[in-house]
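See structure below.
Letters A, B and C mark the chains in the order given here, with residues in each chain numbered from 1 onward.
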Amino acid sequence: MKRVYVNEEWCLGCHLCEYNCAFANSNEDDMILACKDKSLDARITIEDRDDGVHFAVNCRECKDPLCLKSCIAGAIFRDGDMIRIDKDRCVLCYSCIMACPYGALRPTKEKVMGKCELCTDNGRKTPACVEGCPNKAIVFEER
Amino acid sequence: MAINYIYPEYEVVRNYDRCISCRVCERQCANLVHHYDTKRGKMICDESKCVACHRCVALCPTRALKIVKSDHTFKENANWTGEKITNIYRQAESGGVLLASMGTPKNYPVYWDKILINASQVTNPSIDPLREPMETKVFLGHKNDKIVRDQYGRIKCDETPQLELQVPVMFSAMSYGSISYNAHKSLAMASKKLGIYYNTGEGGLHEDFYEYGPNTIVQIASGRFGVHPDYLKAGAALEIKMGQGAKPGIGGHLPGAKIVGDVSKTRMIPEGSDAISPAPHHDIYSIEDLRQLVYTLKEATNYTKPVIVKIAAVHNVSAIASGVARSGADIIAIDGFRGGTGAAPAAIRDNVGIPIELALASVDKRLRDEGIRNDVSLVVGGSIRSSADIVKAIALGADAVYIATSALIALGCHLCRSCHSGRCNWGIATQRPDLVKRLNPEIGSEKLVNLIHAWQHEIKEMMGGMGINSIEALRGNRAMLRGIGLTREELDILGIKHAGE
Amino acid sequence: MEYVIIGNSYAALGCINGIRSVDKTSHITMITKEHYPSYARPVISYVLCGKAKEENIYLRPQEFYEENNITVLTDSEVVQINPEAHLLKLSNGNDVSYDKLLIATGSSPFIPPMKGLENVKDKFSFMTLDDMKSVEKAVNKKKNVLIIGAGLIGLKAAEGLLERVKSITVVDLAPRVLPSILDEEASKIVQKELEDKGIKFHLGCSASEFKENSAILTTNEEISFDVLILAVGVRPNIKLAKDAGIECGRGIIVDDMSRTSSPDIYAAGDVCEQKELTLKENRIIAIIPNATLQGETAGVNMAGEEKHFTNPVAMNAIGFFGSHIITAGTYTGEAEVISDESFYKKFFIKDDKLKGFILMGRAVDRAGIYTAVVRNETSLSSIDWNTLKEKPSLAAFALKERKSMLAKEV
């Protein structure tokens, strides 16, 4: 399956992926409406190190997902190769946050747990983060 | 000094209705123009630091930024322009030479733009390059005067080493040090894909790039930095740099601050030491001396590689070229005064040398007149900006062109002309690791390949329009050119007629 | 091959998952005392407060069992295991034979003998969906609720009921809330938060006597109530196993393949004890991830392949009224506290390993990175622990580690 992979050596730490993500998942058709004067609601996180290392972290779509195995509500489920969250079932108990070794989940504004769903839930072909990355620091491919 | 007379040249215009304070401008500006003011909760900027490189504008996801020239002005004065005044302030303050980068921005005539290309109508019909073969391949090197046959009567065609170019374009010399590792890698990768050549400049060849040797021209300049036997053997051709269009008559100076890590290793000089290239080669004071170096290099590489001698376009360029042609060089590269540089004294860059169009025309004529045109190939550079410039250059007598500024622009350069600051926001003219990584060679090389492919298409279209199906038939074909708005003298030098004639 | 699973919760589902990863077809029987197939037990408190809908509580749709060739025997209690004959006896007299058996019977509320308890009419446990339904029927806005037990079950019941009753009082013998999960500092913070919401606490005391509508505490205070919830503690349901001669401590003893002492019998979940990672001693680790992983391990091994689950660690995500606490591991070794007004975190470090932690407030973000450091027994000197302890981040790991996490399939 195609996943988002990180080419850390090319990440500039510009954080555009976070904003492109927030926009893509905002239901707005304008980034300004989606992001202006709002707290950033992104499913991808850039980590910045003082030594100039930057890289993105989003859901790895693990083959052995600890989030799913820890979910108390049966809200996290496997859909083919992807891991998804059933918003109606999530009770925001944070068990998945406790379990995910990548720190890839975070609550959304809708008060349910959120994670990267590779933009399959917002009608895109390529994840917005990858499309907007200026330096191919994140790619969407099979590995 | 108490009073600062230098006022910001640009204004950063931020549309606060569009700005989402994502701070990408702040993170991407190596000149520290932008910053987020937590007190006011918005982005603010210090435009005195702005060099108009447009990195922030390009990366702003909501197009909230633009950079405009400040309309702040001195009292109007056609003689004492704001620039002249400001430069005096600068020098009165610093006591130093004004440094500048890239080609001269001065408003000198660009002859390419005063030359028009012919096309066929009715007779000698035009050729459709999409339907018929169209040859853009050229060979650079010494051409024999007569056909040589072996004992079986077969034509010997490898008598002299040649460079084979799929398109008559090469990336001209830019040293590793003046440009970044990733810029070099982009050029190297693109050259390989395109079947052309890039040039090391005088910074030596990074060990990682030896694999691109078959597409590399290795340069030997007055500082001899990075020159060793393996270096000479690594390249497809050797280039002796006698001069550079942007700074004829002077040497180079890469400050010690940039001689770090691999740059120092590749140049074979200690870290932190200034890399000073002398104005002349101290072993070359005559054509005979030059000939000695040419043959030394040929000897060192077993006569398997063509030797290029690169000279700046100066007043007596045709006489100089004539001498160079007799030195044993296989290729003469001429660099016009609009050519780029990583750093040069502004006074030199803006006032010394001549335009490449005139230099090319006169050199080609002189070599033909002297019957030695076939002894050498001519490569010209110094501001080739488009496929049309290439077609005109070839019709004026060039075998191929050298491009550098165009290549850098393809890599993202916005011609902010601040290379000498070392803070290139596009990752090109810098050695700062955080900036170098902004240029991913995978992306860079693809852009270069795209550019040259696009130009190749256009060259074929223009050739086809003229009813010409081979670059060979275009070379020196001045009948295909007409001048516009040129004086009789200029037309004579260019060897072309005026439009309408 | 005939698989039988006693139990209907997370370990059971983990086991089904494990079996089906190897054996796609053989029949599985799931036997449960309850009236329901698998449902999300801890979600009952969220149903009470309206955060979850009851119809969403079921962990698998009915089709799941049909599609996976699983027979679910609800309202069925296994009364005897005969390991030699590979036979189970049910309370209704039926026999069920098995080739491979999983005991995932979980635990039951433990109710210590308390004077006068029999006088209380509306008294409930709070473990099952039926418990929740009974509680729901018994409460309304006029009712005062007394909860005995300030552990996780008691407090989640309190949270679930708060908006639906007149008052809630919690009594616990321990001097602080969540004594088995939190340290004193964290307990204090949680107690304060719950008190701010209106829940009253009587800690360090117990009920010495119950009357029909009141309890007399050891402090001689009398607390009147309408509804009593007993959440003192739980005991693993090991009787079946013990009677069958299977080796038990406090729970059924299993190895890292979820095997019991009896061949072809496996156990998983709250009913069993296994060697805990940070202490290297047998422990009952009654948490969902553990149940799922033990169950899955059992399933794979039952189906004939080999799988080991070597790093069981306690971990808890606890939330009350939108503020969260995440803990993991054990609180052994040297403690290090980092805190300010908005967060509290405490790490326990021993022999260059992170043994456990408590995170509260905004410190819970990306907590799983810490959990992984505990679970993987990462040597702290091999990572940038000083950065990591300030902020959970993959940046604290070496390039090679980061690449294996982010540039490869995981």
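Assume a contact is a pair of C-beta atoms (placed from the backbone, for glycine too) under 8 Å apart; a residue touches a chain by one contact, two chains touch by 3 or more.
For reference, the UniProt names are A = 4Fe-4S dicluster domain-containing protein; B = glutamate synthase (NADPH); C = NAD(P)/FAD-dependent oxidoreductase.
Not measured: the values here are computed from a predicted model.
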Topology of the chain contact graph, where touching chains are joined (line, ring, star, complete, other): line
Middle chain, criterion being Cα centroid separation: A
Whole-Å separation of chain centres (CA-atom averages), chain B against chain C: 70
Whole-Å gap between the CA centroids of chain A and chain B: 43
Whole-Å separation of chain centres (CA-atom averages), chain A against chain C: 29
Touching residues (chain side chain A, partner chain C) in the complex: 3, 5-8, 47-49, 53, 55-57, 60, 62-63, 66-67, 69-74, 88-89, 91-103, 105-106, 143
Chain B residues touching chain A - in the complex, by the definition given at the top: 17-24, 27-28, 59, 61-62, 433-434, 437-438, 440, 442-443
Of chain A, residues touching chain B in the complex: 9-16, 18-20, 23, 31-32, 35-37, 52, 132, 134-137
Of all residues in chain C, those that touch chain A in their complex: 14, 40-43, 46, 51-53, 56, 58-60, 288-289, 292-293, 296, 315-317, 319, 322, 324, 326, 328, 364-369, 371-372, 375, 392-395, 399, 402-403, 405-410
